[in-house]
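Each chain carries a letter (A, B, C and D) given by its place in the written order, and its residues are counted from 1.
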């Protein structure tokens, strides 16, 4: 399977008074998994695919989160162990892609399934821009069937 | 329309280096809108509907977020003005409900559409429990057609 | 007393698994109290004193937090009531000021004492700049004795 | 020097609209450095020193943050590299200790100096409890001169 497994450190402050990772904090964990996978160098700005490409980062583009969907399947308890996040690309469009995730507890329970739609934006014009062939090739290396949600 | 408009204070720390409210922070704004609408008294524990009911809060139940979906339609810039969040109930199930939201900029632009599925849980057993008739009645007062997402 | 009382909304996600507002989240509450007091319009950038001045906001300056000190005196429990934060100016320097705070529970218990040192910075040069006479006058209206810490 | 160097992962959401790690988020980084050093197993509750002791974690105690002081010396820019945090024990009292930190940029610039006073609390009584000899011994292995602040 082309998916990657990203270990994402949890923080004590992600946990709310119920003792579980807060529902919104879970999206922050997804964001960190996405950055670890795709950003070549965050300090120079995000660029989808640059880390899986031979090309370097570019400040001429950035990415917008257009849509997110998440199912919480089991509470994620606090742990000092990183959270294993499986990440893959579920769809590749002209100027966009869908990132899919499965979030596990350190003990191995499936805690959440999620998907994020991302749009590539040209920094100069602020308009969506087409994925370059090199980016498309890199993203295809992570392509799997899109995640299926249970409760939609 | 039975929806309520909840003014949700934004924070400076919700804004990321792009100058917009972060995608995960947006879910925190939804959470605050939900709490303001439904919790009778957070310090005694959450209980869906208690604020729209004549009955008081109960520590015998709590609520779980089972699912969330959000479309980001326009960036939400920092402002000291509260964020207007329109909130309504889109579906009422046996032991669950769907909360729907439209998030506006203080200037009135529609920035996000979202939905949260919530399950009522019996605190003693940890199992889902049916909505009481009184809760159902209170929730029906907020019932509108479920939100329609564009990009699903 | 020239201090102002700022009602700062707490969030559910400020509370950690101990059921109290997290130690770092407390500084976010201070930041919000400071912004509510001093920023004329956050979307145009911060400017100490503009809200207590007749002059409008200016993008030609910004403020840096140089130092913070906080004593936690009692746990701050979750509440839907805003947190009352008493805020005043403890010292005014050439290019800097010290903001002092007392954080109360909604029920009136003193939960924290804190101080923040802020430096005015010229946006064009990135160097500290002297407080204008008009700013100084406005800040003096909030001047009280600096906070005294117990455990220093 | 007995200090330890803890690599603390930064998050994109720690960075505010100025492009630097937010002043309150910096305390979250300190918290994570402290937990990594001292907590034997967060999921069983915090216990100062258990990680530097042969003894295991104990649910019979917890720790309270009583005081924090921090000087911000240089902005900490976003980076995917972990933040190097030097951590040591500056003082050991009867029931308390002072944790000292120096926070560096991944490139090696000193960005912040800080200290946190922690009190050991007996979980059963809620009262401070004396450090055990074994804890004291473990903490002494990290003992250095307390941090000196410039602007106090």
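By our rule, contacts are C-beta pairs under 8 Å (C-beta built on N, C-alpha and C of every residue); 3 or more make two chains touch, one makes a residue touch a chain.
Source: prediction; values computed, not measured.
Using mean Cα positions as chain centres, tell me which chain lies farthest from chain D.
B
Just curious, how far off is chain C from chain A if you go by their C-alpha centres, in Å?
The separation of the two C-alpha centroids amounts to 36 Å.
In angstrom, rounded to a whole number, how far apart do the mean CA points of chain B and chain C lie?
Averaging C-alpha atoms per chain gives centres 30 Å apart.
How many angstrom between the C-alpha centroids of chain D and chain C?
Using C-alpha averages as centres, the distance is 24 Å.
For chain D, write out the residues touching at least two other chains, lowest number first.
Residues 12-13, 22, 24-25, 28, 31, 78.
Thinking of each chain as a vertex joined to the chains it touches, would you call that graph a line, ring, star, complete, or other?
Shape of the chain contacts: complete, all pairs touching.
Residues of chain B touching chain C in their complex?
Contact set of chain B toward chain C: 9, 11-13, 28, 31-32, 35-36, 39, 41-43, 77-80.
Which bits of chain B are touching chain D when the two form their complex?
Touch residues, chain B against chain D: 12-13, 15-17, 19, 22, 24-25, 78.
Taking the touch rule as given, give the residues of chain A at its contact with chain B in the complex, in rising order.
18, 22-25, 27-28, 30-31, 62, 64-72, 117, 149, 151
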